[in-house]
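Have a look at the structure below before the remarks.
Order of writing sets the chain letters: A, B, C, D, E and F. Residues in each chain are counted from 1.
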Amino acid sequence: MIFLTRRATFSASHYYWNPAWSEEKNEQVFGRCANRNGHGHNYTLEVTVAGEPDSVTGFVVDLKWLKNVIEREVLAAWDHRHLNLEVPEFAAIIPTTENIAIDAWRRLEPSVIQAGGAQLSRVRVYETPEIFAEYRGEA
Amino acid sequence: MIFLTRRATFSASHYYWNPAWSEEKNEQVFGRCANRNGHGHNYTLEVTVAGEPDSVTGFVVDLKWLKNVIEREVLAAWDHRHLNLEVPEFAAIIPTTENIAIDAWRRLEPSVIQAGGAQLSRVRVYETPEIFAEYRGEA
Amino acid sequence: MIFLTRRATFSASHYYWNPAWSEEKNEQVFGRCANRNGHGHNYTLEVTVAGEPDSVTGFVVDLKWLKNVIEREVLAAWDHRHLNLEVPEFAAIIPTTENIAIDAWRRLEPSVIQAGGAQLSRVRVYETPEIFAEYRGEA
Amino acid sequence: MIFLTRRATFSASHYYWNPAWSEEKNEQVFGRCANRNGHGHNYTLEVTVAGEPDSVTGFVVDLKWLKNVIEREVLAAWDHRHLNLEVPEFAAIIPTTENIAIDAWRRLEPSVIQAGGAQLSRVRVYETPEIFAEYRGEA
Amino acid sequence: MIFLTRRATFSASHYYWNPAWSEEKNEQVFGRCANRNGHGHNYTLEVTVAGEPDSVTGFVVDLKWLKNVIEREVLAAWDHRHLNLEVPEFAAIIPTTENIAIDAWRRLEPSVIQAGGAQLSRVRVYETPEIFAEYRGEA
Amino acid sequence: MIFLTRRATFSASHYYWNPAWSEEKNEQVFGRCANRNGHGHNYTLEVTVAGEPDSVTGFVVDLKWLKNVIEREVLAAWDHRHLNLEVPEFAAIIPTTENIAIDAWRRLEPSVIQAGGAQLSRVRVYETPEIFAEYRGEA
């Protein structure tokens, strides 16, 4: 079993805001992230698939294919976007690094399953070099 | 003469939009950056001062002082902010990396001049690790 | 389950020395690290907690809280310190990267347990970008 | 249990080519990597061993020893080499990142087993900062 | 005056060999780089242009244009290539980092001159993170 | 003219202390750096030489030679050392990043002059990735 990872980056805006709370409560919990004009990050996304290298190509998956899947399923929707305002899954849930990792998984998994052979193993999202969240699917 | 540099980071949103142009023209020139919901970056700011090390302390400037100047003059206004909507200098000019570097210089220079001894030598702003702009003041 | 990581850095001195050994034996085993004037590193500490994102905040833990825990429990004791001379746990055991990772875990775990919800999952310590040790607790 | 990692780098050439295929088929599958003049990379190799820190030295393994093993078993054969033309294991299999990780494991494991105490736990190979493969041995 | 930089990467093979010398002399001077099977690197190219930001766009140059120039003039010829065997300028001169920087300048300068406005200011080439060469044109 | 740079790293301890001052004054000015048990850093040293590439070798200088000069003149004295206690030039002056850059220049320049051909152009010292000092010799 080989774990093969491809990294990609995207730039996006977001804010943290719970509409059920008062402005004071939002600012108390979320601090500067509650600013509803938004702020942004250069996110780094690491997508790991697991499988056996094909005996003919030496590939677990074709990395050009994986790059295309990441661009089509994730970057096309998220890059140079405001996550709260333009990405449907973040209308109702807050786009924390944790939730971004889970939704990247949900966006990527069907294409990996459909391709067959390798499994989606891990998605890691860096909000900054100091903060990252990792999701490995439901146990 | 020693050139002493302190690096800092901030996260902000921005967009590129010229109000004198049509939407089509803005999208043609600025591409995805014209999305007025905004997108964002983890910016890295490098501030360089030049001077002789003090014979008693060995410092060109006290780096704790320089860090405080950067935080008070730049990060307090820009970090976790939407540059177009919340920073006065970017109401009229577009917050490109070039203009961000010039305005960081303008914000920092008075404090460095007032402190005496060292000169502001260079300001470099990274929008991403792949793109950066550098300003050295007016010749 | 999400694995959420926060990175921090600290600068410290240390040396490797076993008082039960002769100077020759120490130098033979530990090489330049046996220099008892000490040498130092910019250490990077990665602390990973695991849990479900809270349905209201989207947080596994509040990263400001985690940052404060790391500063209070680890950095306050280790940053800008000589590990052998000033940190009690390294009076009797050698502050190798391995032992530093274990002791960071021991310092952090009670606060994570007390907070409830998330578990301490992994502590990784980089002595340099080329060398790092990881501890995942006993079990 | 501590997981201790040492990173090393090597520069090598390679190409992707399946001699059972036509030139067209090779170019269709492998794209620019099928250029048989070769192209190259600065590879980064991360070798992780797992074990208990020795109570006397604080070491899982002596990192000078591990560095020497990596240099003797891997870098001496691969660094500044053309992997397809000069490395026996890549005469018959294609030197993809996946296969490079597996062969690094095969080259390193006997020395780690012979030394006793710690186990080889993980080998990770970065072809570029954006692409890496990880092998953890046969389950 | 603003100095605006765009970074790009390419992967290539090369060797160091002076055909006027014996094999012994080549190996004595060039060491492992004299291996004529070639070895390779992930090169990083930094291209800096200097000029005034346009008052309407805020751009010194359009970075999409600069990216395209780099891809068309440099990467199309060098990426995934063997520099000695496939790049005309390196048939007669050795593709050291120094010469690669000079030739990147020669390839880029006509497009920058033709575009008008900004000047090519600096080309920096990293062979590895530890080694880089910079060319600023003929004085 | 080409500017060719080689990077090296060393790990060392230091503290900031002016013996003419009281303990209070030292702590007020130097903060945690005044701790006389010492603390340490992984320093990165960048040494830049300037010259014309040799028409036969393509080298400004032989980088193996430059690496050896850096190791012999700087790293042998500074790596795994306590700068205040073991390095003569820092007995009387404080080993700030500024002074370390100046002394690296003084240690390196005679060898570069003696070799002929290229000139020492710049020495840059990173104390951390966030702080660096650069010296270009006396104007």
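Side notes on the structure shown:
In this section, a residue touches a chain if its C-beta (ideal position, glycine included) is under 8 Å from a C-beta of that chain, and two chains touch if they have at least 3 such contacts.
In this text the structure is predicted, and so the values were computed from the model without any measurement.
Both chain B and chain E are touched by F.
Between the contact lists of chain C and chain F, the overlap is empty.
Between chain E and chain F, the superposing rotation on Cα atoms measures out at 120°, rounded to the nearest 5.
Repeating the B-E interface, with the same residue numbers in over half of the contact pairs, is the pair A-C out of C-F, A-C or A-B. Interface of chain A with chain D: the two copies contact each other largely through different residue positions, with under half of all numbers used appearing on both sides.
Centre-to-centre separation of chain D and chain F, using mean CA positions: 34 Å. Centre-to-centre, using mean CA coordinates, chain D is 29 Å away from chain E. Mean C-alpha position of chain B lies 42 Å from that of chain D. In chain D, no position touches at least two other chains. Two chains count as a pair here when they touch; such pairs are A-B, A-C, A-D, B-E, B-F, C-D, C-F, D-E, E-F. On the chain B side of its complex with chain F, the touching residues are 1-8, 53, 56-60, 62-64. Interface residues of chain E, counted against chain F in their complex, comprise 16, 18, 20, 29-31, 93-99, 101-102, 129-136, 139.
The residues of chain F lying in touch with chain C in their complex are 9, 11-14, 32-33, 35, 37-42, 79-82, 85-86, 128.
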